[in-house]
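This is the structure I have questions about; it appears just below.
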Amino acid sequence: METVIYILSWIFLLGGAIFLLVGAIGILRFPDFYTRLHAVSVCDTMGAGLVLAGLMLQGGFSLVTVKLLLIFYFMIFTGPTAVHALAQAALQGKLKPVVDEHEQQ
Amino acid sequence: MFIAISAVILVAIAIGLLRAFLGPTLYDRVLAANMSGTLTVLMVAVLGFMTGRPEFLDIALVYVLISFVSTIAVLRVCGTGCGASRDPEADSGEG
Amino acid sequence: MEILIDTILLVLLMITGFSIVRMRSLLAATMLTSIYSLLSASLFVVLDAVDVALTEAAIGAGISTILLLATIALTTDREKPPQRTPMLPLIVVIITGMALIYGTLDMPHFGNPQAPVHLHVAPAYLHDTPGEIGIPNVVTSVLASYRGYDTLGELAVIFTAGAGVLTLLGYRTRGGNSMDPGIRKLLILRVIGKLFFPLILLFALYVQFHGDYGPGGGFQAGVIFATGFILYALAFGLGNAQRLIPHQLLRIMVAFGMLLYIGVGIESMLLGGKFLEYNVLADDPVSGQHLGIILIELGVGITVASVMLMIYYVFRSRQPEGDL
Amino acid sequence: MLISDLPVLQVVIPLAAAPVCLLLRNPRHAWACALIASWLVLAIALMLVQRVHAVGTLSYAIGAWVAPWGIEYRIDMAGALMVLVVAIIGALVMPFARRSIEHEILEKCTGLFYTCYLLCLCGLLGMVVTGDAFNLFVFLEISSLSSYVLISLGSRRRALTAAYQYLIMGTIGATFILIGVGLLYMMTGTLNMVDLSQRLPEVANTRTIMAAFAFVTVGVSIKLALFPLHQWLPNAYTDAPSVVSAFIAATATKVGVYVLLRFFFTVFGMQFSFDAMHVGEILMLLAVAGILIASLVAVFQDNVKRMLAYSSVAQIGYIILGISMASAAGVSAGMIHLFNHAMIKGALFLAIGCIFLRLGSAELRDMHGLARHMPWTMAAFVAGGLSLIGIPLTSGFISKWYLASAALSGGYWPLVVLILASSLIGLIYMWRVVEVAYFHVPGTMMHKVREAPAVMLIPTWLLIGINLYVGMDASLITDITRQGAEILIGEALQ
Amino acid sequence: MSGLLGLYNYWIVIILMMTGFYAVIARPNLIKQIIGLFIFQTSVFILFISMANIEGGTAPIIKEGIRLYSNPLPHVLILTAIVVSLATTALGLALVVRIKEAYGTINEDNIHVQDEED
């Protein structure tokens, strides 16, 4: 049982790391602000969620797990709120998304 | 193994930083800063496990909070007012 | 292996620092400053300074950034391109840097256990804290007891900053209107704000009273507490926040925290001890220390929270109009 | 609370009075609170001088944690003298402040003004009595931050830029001190000054300690406005409210000098500071340059406050000159001048404060024929001016006499010529004021000008009185400074 | 770690410090100066925390079974210094706001020009 949890935790951690990396590459390579938002969401949800889940499995059940859960809880609310607020501010600030007929910035 | 995870996170932070330098708009920078915040939280959490003292997760909790509040603060305090949609590096206004 | 992370973080810090100097948009520079602060806080975690990391994140990445933003909102975002490249500052900086690098040449190496700092004074703190103070967090014991007077000075510094900002900018109350036009725009933020606000305050209390056992204490708790109210002000408008905690109350709390700290010192003098000698506060020295530390940390927390909030109010109430 | 708690009480009283002041709504009450605190501090300072005289160096372990583990307060004769200087100025400036502040500062800021003043007083006292290098930094910051605020309260908008400039330079200075203290800690593992002095000789010839020495010296020199680092001072003194100019001019830079003394003699030791690092020669050069250049610049100022500010830079040069000789006589002469100059500058700036109250200006061109309308104020100004120049029977003469004799016994005879020459320059710039005020025909605006109120004249004349008393009977002050200098040098020789 | 390798950590910190210091003294924009000051001070904190580090040590919170802790004293000093740095930043920014209101600019060169005209 323990080995299974151990292996599972590493799968989670590695999966999380891959998502984080993918998100990071996305934020660098995507052409404009609105598309980059999507990349960040990957980091915020899948990346962070998997890493935290992996850590929870590592730690076993204790106060540490509670704190990790709390972090996860905070993140899952703050991430989308921040991104939403950003997108809204950008729209209000008249930032135009890049569409096909425009040149890339 | 933890070291590999933290190395990946560091690389991601570096990429985020790059976006923060490149801009081009303020929103991109805020986005990058926000992402760097998230990544830092994860790194601190992983570091806690790496050094064998995971009880310091309080720090990560504070980071989540701070990075959220400062993102909101940028948008609410300066969001639409400070000519954010223009490219700040390109024009050379008065200062 | 920590060395590797340490080095990477330092390099990242260096890059960030250079680009901050280069940036001409002050907002962008502020964002990078926030990242700089967060990165250095992570470095502190790597270097085992957890209390410092907590404080640096809360103060550097949090409050300082918010104050910078508020100032930029009141002034301007543009830095004029420099007309000349001044030579004198460059020379001064190079000389200073060279002097410092020259000074490093005889330093004990990084992490060396035989360095004088690890042999004198500090080992006594680590060794005696369990017996004399009875709390596991040595940073708190040094901060609040062995060098409690420094902490009083530090509190006086933050008090000075509060009084100074109040003197310079004055205080204006904002007629808050809960039906301001931004209601739809801010709906999500308000829901989240309502959800988080009590949690943040609860967490601040945890940091305040858990400081004896883990990273935390009065300063960190005070800043987190103030951050909670700042979030409230951001979501619900400055006027509503000012109604929640009015200025007069803040003023009283600022003074109360200071007086509580000094009062503990005076009380221990009246009981026949020295200034800030907590041993005399209770029957046995260790519980006296406990009581003293809890009281002064409370004083610190109250003053820091109210000064931070006051500074924020003062800066933001300077804003002429618009949805605050 | 016993007599043994005095060292800490005199810092804690103004610190506790500051939040009380913040709470008081009525400006009069805030003023009364600040006044009582300042007078208590003076009473304690007098008791401390007396006790130090009787039993020697006092040491107080805060929190009962003995040094090097805890923070120690340590008062020797030199420290007691500094405490006395700060306390006298504080106690005399406060009664003066009420009218002057009502006139110069908005009413809603008055309570906060007294809060900041008390914090500044507390910071300065804390810097003097502390025996811990880091605690010094903390109290340095308390006094600096509050003085930035105090300076910014000046009525012209230039006060803001002056305060800002001071803030930037002061913070750079404080950070340099922090770096220096950090390097010292790195090599010794301790922060207590006495402990540092015992552990430093082992590592004295390392490059780290040399760098630490350089950083501390430069940092403190910014705070005390040593000649090439003095740029913040003229603006700050000129544009600050009169009371603040008087208080800060008389105390802040002097405390800076005292901190420098502490580091040179107590912490690093004379051998290291003067023989190994040759700081004496460098300081002497800067002091000479400062005296000559600042005096000359003062001659061409049209604002009397600015003129006095440049004269301050020159006078700091004299004090540093005494210290740079690195002999008991020289240090003692420097300390005598430190005391005298604090009293002289305090009196002169208070006199200018009286003039500013009635005239609303400190410009020379507005002062034509002022002496006829404000005879007592101008008489005080002239008496202070004579003392600044160093006419016999004033305290200025005493300090110049001791400086000159220390220079002669050290074999630096050209310095005597320099002292004489700069006194002549002092005569020129003081004469400009006297000429305008006494021998020019009053302008039409002058009729409304009356003599300053007694509450402001009395403190001014008390300071002048101290000057004249020292000028006639210097034995008390020379006695104290000789003891102080001997302790400093003695510590350094051990 | 042997030779000079053990010191490179400090050298990077010094470069950081000097970056901030340069921004303070070379840039005419007042807010930029404050940011520079902030970086300067933060880097000094890193210097202090670096010296507190001990190889193989851990955070100075006492726990059964751990023998080697890093030095708590610099941590305490830096906690104080961080607060001092915040106080300086807040006051400096308040002054900047007032200067902007009084002069209409936050560029040092422009302010000097206006001061000359007074």
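Just so it is clear, A, B, C, D and E label the chains in written order, and each chain counts residues from 1 on its own.
Here is the rule we use: contacts are C-beta pairs under 8 Å (C-beta built on N, C-alpha and C of every residue); 3 or more make two chains touch, one makes a residue touch a chain.
The shown structure was predicted, so the numbers you read here are calculated from the model rather than taken from an experiment.
Taken together, subunit A and subunit B share the touching chains C. Common partners of subunit A and subunit C, by the touch rule above, are B. Top contact pair of chains, counted by C-beta pairs, is C-E.
Taking the CA centroid of subunit C as reference, the farthest chain centroid is that of D.
Chain geometry summary: the mean Cα position of subunit B and that of subunit E are 20 Å apart.
Distance between chain centres (mean CA atoms), subunit C to subunit D: 32 Å. Averaged C-alpha coordinates give centres for subunit A and subunit D that are 58 Å from one another.
In subunit C, the residues that reach two or more other chains under the touch definition are 26, 48, 50, 70, 72, 76, 79-80, 100, 104-105, 107, 115, 117-118, 121-122, 125, 147, 150, 153-154, 157, 160-161, 164, 168, 189, 214-215. The residues of subunit E that reach two or more other chains are 17, 21, 25, 29, 51, 58-59, 61, 63, 73-74, 77, 80, 84, 87-88, 91, 95-96, 98, 106-107, listed in rising order.
Annotation for subunit D: residues 134, 138, 141, 145, 148-149, 152, 179, 185-186, 191 touch two or more other chains.
Of all possible chain pairs, the ones that touch are A-B, A-C, B-C, B-E, C-D, C-E, D-E. Residue ranges of subunit D in contact with subunit C, taken from their complex: 1, 5, 8-9, 12, 15-16, 18-20, 22-23, 60-65, 68-71, 108-109, 112-113, 115-116, 119, 122-123, 126, 134-135, 138-139, 141-142, 145-146, 148-149, 152-153, 179, 183, 185-191, 199, 203, 206-212, 214-215. Of all the residues in subunit E, the ones that touch subunit C in their complex are 1, 6-23, 25-29, 31-32, 34-36, 38-39, 42-43, 45-46, 49-63, 68-80, 82-91, 93-98, 100, 106-107, 109.
Subunit B makes touch with subunit A in their complex at residues 1, 4-5, 8-9, 11-12, 15-16, 18-19, 24-25, 27-28, 30-32, 34-35, 38-39, 41-42, 45-46, 49, 54-55, 57-58, 60-61, 64-65, 67-68, 71-72, 75, 79-80, 84-85.
The touching residues of subunit C, when paired with subunit E in their complex, are 6-7, 10-11, 13-14, 17-18, 20-21, 26, 29-30, 33, 36-37, 40, 43-44, 47-52, 55-56, 59-60, 63-64, 67-68, 70-72, 74-76, 79-80, 82-83, 86, 89-90, 92-94, 96-97, 100-101, 104-105, 107, 109-113, 115, 117-118, 121-122, 125-126, 129-130, 136-139, 142-143, 147, 150-151, 153-154, 157-158, 160-161, 164-165, 168-169, 213-215, 219, 304, 311, 314-315, 318. Of all residues in subunit C, only 185, 188-189, 192, 195-196 touch subunit A in the complex they form.
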